[in-house]
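There are two complexes below, and they share chain A, which is joined by chain B in the first and by chain C in the second.
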Partner chain A sequence: MPMNKNRSGMSRALVRRETTAGYLFLLPSLVFFLTFVVYPMVMCIITSFFDSNMGKNTQDVFIGFGNYIELFQDPIFRGALKNTFVIVLVSVPVVMIFSLWVANCIYDMKPWLTSLFRVVFYLPVVTGSVAVTVVWKWMFNNYYGIFNYILKALGIISKPINWLGDPKYALGCIILILLTTSVGQPIVLYVSALGNVDQSLVEAAEVDGANHRQVFWKIKWAQIMPTTLYILIITMINSFQCFALIQLLTSGGPLHSTDTIMYYIYYTALKMSRYGYGNAMGVILMIIIAVLSGIQFKLGQSDS
Partner chain B sequence: MLGQKSKASKAIEFIVILIIALLFTFPLYWIVTGAFKTAKEVNSTTPVWWPYEWTMANWEKLMGKLKAPLFEISIPFSQYWSEDGAPIAAVTGATVPAAIRWMINTVFMAVAAMLLTCLTSALAGYSLAKKRFVGRNLIFTLIVCAMALPKQVILIPLIREMSSLKFYNTMAAVIFPIVGWPFGVFLIKQFAESIPGEILEAARIDGAGELKTFNTVVFPMIKPGVGALAIFTFISSWNDYFMQLIMLSSTKNLTISLGIAKMQAENATDYGLIMAGAAFASVPIIVVFIIFQKYFTKGITMGAVKG
Partner chain C sequence: MKKFLAIILALCMVASLGVFASAEPAKEITLWTYPIGKWVDAETMDALMADFEAATGIKVTVEYLDYTSGDDQVNTALEGNAAPDLIMEGPERLVMKWGVGGYMADLSDLYEIPEAAGVYDSLKKACQYEGTYYEVPLCMVAHNMAINYDVFEAADALQYIDLENRTWTTENFIKAVDAVYAYTGMPVATVYCGGQGGDQGTRALVNNLYNGTYTNPEHTEYTANSPENVKALELLQSWDAITFDPGIVAGDEIQLFRQGMLNISWCWNASQQTNADNGEPGFTNDGSRILMMNFPSEDGKAELCGGIWGFGVFDNGNPDKVEAAKEFIKYFCYDADEVVKAVRASSFFPVRADVQGVFEGTATEDIMNEYSAIFLPNLGDYYNVIPGWAGQRTEWWNMLQRIGAGGDVQAETNAFVEAANALAAG
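This part shows the complex of A and B:
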């Protein structure tokens, strides 16, 4: 309403001035955004219909849906798709539940304690994927790793397990590391959301004799729903994009047992120079994420 | 009765959280102590929880292995006419350990990305929040859609674009896509919404030009948002491993994360050396994070809490 009033009240010269100024302020940002985000996104879609490699002297050949048809017949891609979904299906619920629990425990502590715990749970993110990965690689090592030592000392295993070299365990190890690097942001978000819950509602419910559990589920849960939805989407996107851990720990091995879509895109585009094929996978990944985000968004809206 | 029970369960909860928190800090502890362990301690089958004798051997190896010039200032745009497509260096610094050069590259990259992102986002966020013009909603929709898509998917097409622009294997190839990512614009827009229109109106009536209004009225009001964005961009670009991996190739151009990954690939089992590298790469950014963590958490939460 106020906007309409404002617009009708503006003189033509003022409108022109607003438009020019608006675009001039936008311009620097827009140049970078269009050149380095929108353009590559469009190119990703276009080249996915071409047989294209990174060579300088070769021409791209239009092959229609050729790349997509080949994709669905590619057993490695299907394996990568399966692994990606396993990672998402395990890590998303665990991250959500764990971070909500931690946040609920720490948000009403003394401020310095809340800060301290928040920093600690965020540490693996800030440490950086390379540093985190190399230390875990050492901890998982067959001979010198502490995992095998501890499990042997406790008598759980009798001979060392080759964690990252065994298709049975490798994906599990990656998920474990991914979990430690994924809970930081959700905890920060939940702590802030829980801190913003309307205290008068909580007090009113307590006066009415509601216990902690009831207060949590009936009052707080409803109020932090938008945050939950946001965390769900970002955690899902992050899990779908799991790359650095794979590249540094296992390179998709052993026997492609830890390939994810993102790693397989990197592998086909850069190691096999099959650029168009890699981009077709990128498009599939975009579609999957867009559809899942859309569904979650719709569900979240109908809930509230 | 209820209060008492919750007190006891609270204490148990606290202890459990404390234990988990300690586990979360363990990898970092293992990096830092590992960096000072002797080769024998590192390769011991019984873990050495605390180094018996602190050694600098790993650090000497880290600094001695690879060498690179301290800095190179190249002739602007020289990549467009040089024979091999690489920029021509006008001034080259003294030869130093490559790890030092990697650190300089990383700091340069993160600071440049931070400054450019803050500048462009502050201007654009203000414009989208407070200016009324045709196409505004379209641009904003485009930004929101782009943010919902996986960022890493565009990196593969970016490689080809960067090579044709002759940015490949330069810091520009890493910095520009970070600046282009519209999260900052979105964040500042949320923040700038709260600037009262009357103040802007008053500035205009006083005869202040657009730039002057931005400098004296708008910027002071969005400063906390810009601060949060700055620290957020600094840390996330420092750790943006995938982008650095595909854009940078020659030893002297690596970032510290890439350099450590490279060392790890070449000396897979020399854990002492690798831990020294990991400590060198991560401790500075952790210190930055701890100092600015208040602004940082603000940056994260502001992006999420949508009006």
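This part shows the complex of A and C:
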């Protein structure tokens, strides 16, 4: 009797067995994904339509879009939204440009030197947030911080600047710290991507008379575009989700000048126990990130 | 044969799980504690818990919280049905937050024990809500302030202080601070308002200066916008010798005081005075003497903010665990010998008049006796039990930040009271 075979020559039974095995291998990740990503996301969306508060004996009350309406009337949320966009608009381009520049400078150095630079730039990424913020807090300190010490020694300032206590400077300080913790991964990725650029194309372009700038923009840039897209999206998401630095350094102050959506979600949900309101903010943040990521993917695809 | 062996092996593994499950001690409870003296010191805690286990057969697993993220951890655990059996903190959390929220077990029966009669009435009142007790207090303190004695002496500012009673009038306080400011040329103190804990220091300062209050006597409404409080905040706002600093929190202020960069700390208590982490207790890092002080007031009589710490029991639906947790409370709060050890570990004072000699023979005995004689009698109204306490703290910090940035004091205190009263009303 002839065996049922598909086009690749495998029997149906074998295909079924391999498919089953494949799904079984996927199952642990799938369970994890459904439990810790999909389920909380769905619950977040559902809860955002309720006046949901902490309390064993309290009942969640359905209020439709009440939380969303309140959100856009809340000046603190609007301020947090503005601060979040400022962080994203400043940090994403700076991280992209700086990491590309550094990677381009170091990727063709001697291997040990490239590794040294990679380690130096990657250190703040693998160092715990608490340790990083403690050091930065010390440097920014109003009374004995090194920044005030240097600026005073150079005669640039006469009185110490309260870096983290002055609304004029606080957000800038947060962005500066964020930059130092954000450039490590893009640099490592760019070094790797630049190292994988097809050298025959580079050589061919050089033989045809292309200068360094033309080689970079016409040959290398096109080949590292997928890495650029990935870095762009990851950096943007990380910037939108800036939280630990703010919680550890300023608690959103002074005068709400460093409130971000993520911090305000934390404050509303965990400090004020207003879960529904906090989740509504989470949904808004999710929509913003999804839309911007979608646009970036679309632009990346059309470029490639 | 292989299949048979595999099945046997699997059965053995499953059976062993059962054996381990049944080997679990009949009584095992968890305790989460905030940083209350040495109740977060692993060595001290191990010894206390080992004694308790030996006496009762109940094993206690301890987890240490901090004031930055402790509330978040507890709230998350409550929402995830993973709350501890016991928790150690004050009535503002145990009673007014989690007790009123319906998460705590009723501890009224623990107040029927004869030893409970010795607990000060004002503390008993703070540990209940509408007649139900959610906390049994272990220790207490009256928060005070501290000055750098040597700097004040060098600035000839000690003349404005009643050194025997550690008091000063507001008028003399202004003269003393101005003298130190003239001597050092640096801000003498700062009203820290970066958030987190230690708000009792700033509240006590503002309320005492012109004899204001924080809430009404019934603890139902906030009164921070009263003329007395407004006058105090206007004084602080207009004073070059005292700054407002939203860049630091209470812990930073204490550190700056210990480092000699500030000459007054508003956030002091017995535990700070006996702290020997950076040197001899009662001295700054550079060896200057630290003098504990009452807050200044118009008549020189201060009303200090109280701190009460004790145990509450989360009702996790397991009566055995609740009973075991109550055993723990009886052991540490009511046993004649153990309460002494437990209070000593807290670095604070007993909540019962009949518990004596807690610090007898210890290195800190003199400091604690002095504290007990001079500061504890000035313990003021424990108003922390007003509803909406956790939320109003943020409003308080925000108000101080706005005033520090030059905001109109009356308008800002009105805004604080409006927001805080809204929280109190639920």
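In the analysis below, the second predicted complex is superposed on the first by the 283 of 304 C-alpha atoms of A that agree within 3 Å, B and C clash if a C-alpha of one lies under 4 Å from a C-alpha of the other, contacts with A are read in each partner's own complex, and residues count from 1 in each chain.
The working rule: a contact is a pair of C-beta atoms (placed from the backbone, for glycine too) under 8 Å apart; a residue touches a chain by one contact, two chains touch by 3 or more.
All of these numbers come straight from a predicted model, not from anything done at the bench.
On the superposed chain A, the two partners chain B and chain C do not both fit; they clash. When both complexes are overlaid on chain A, the residue A:270 reaches chain B and chain C alike. In the superposed pair of complexes, A:122 makes contact with chain B only, with no contact to chain C. When both complexes are overlaid on chain A, the residue A:166 reaches chain C alone and has no touch with chain B.
By the touch criterion stated above, A:190 is placed in contact with neither chain B nor chain C. Look at A:254: by the touch rule set out above, it reaches chain C but stays clear of chain B. Using the contact criterion defined above for the overlaid structures, shared-chain residue A:106 touches chain B, although it does not reach chain C. Within the superposed three-chain model, A:143 lies in touch with chain B and with chain C [touch as defined at top]. In the superposed three-chain model, the partner touching more residues of chain A is B, compared with the other of chain B and chain C. Note: residues 54, 143-144, 266, 270 of chain A belong to the chain B contact set and to the chain C contact set alike, using the contact criterion stated above.
Looking at the complex, you find that chain A touches chain C at residues 54-58, 140, 142-144, 162-167, 170, 250-256, 266-267, 270-273.
Partner chain A is touched in their complex by these residues of chain C: 71-72, 75-76, 78-79, 101-103, 193-196, 245-248, 256, 259, 261, 390-391, 394, 397-398, 401-402, 405. Interface residues of chain B facing chain A in the complex, by the touch rule stated above, are 2, 6, 13-14, 17, 20-21, 24-25, 27-28, 30-31, 34, 42-47, 116, 119-121, 123-124, 126-128, 131-134, 136, 139, 142-143, 146, 148-161, 176-177, 179-182, 185, 197, 210, 214, 235, 238-239, 241-242, 245-246, 257-258, 260-261, 264, 271, 274-275, 277-279, 281-282, 285-286, 289-290, 293-294, 297, 300-301, 304-306. Across the complex, chain B is touched by residues 3, 6-7, 10, 15, 18-19, 21-26, 28-30, 32-41, 43-44, 47, 54, 102, 105-106, 115, 117-132, 134-139, 141, 143-144, 146, 149, 180, 185, 188-189, 192-193, 211-212, 226-227, 230, 233, 237, 240-241, 243-244, 247-248, 262, 265-266, 269-270, 275, 278-279, 282-283, 285-286, 289-290, 293 of chain A.
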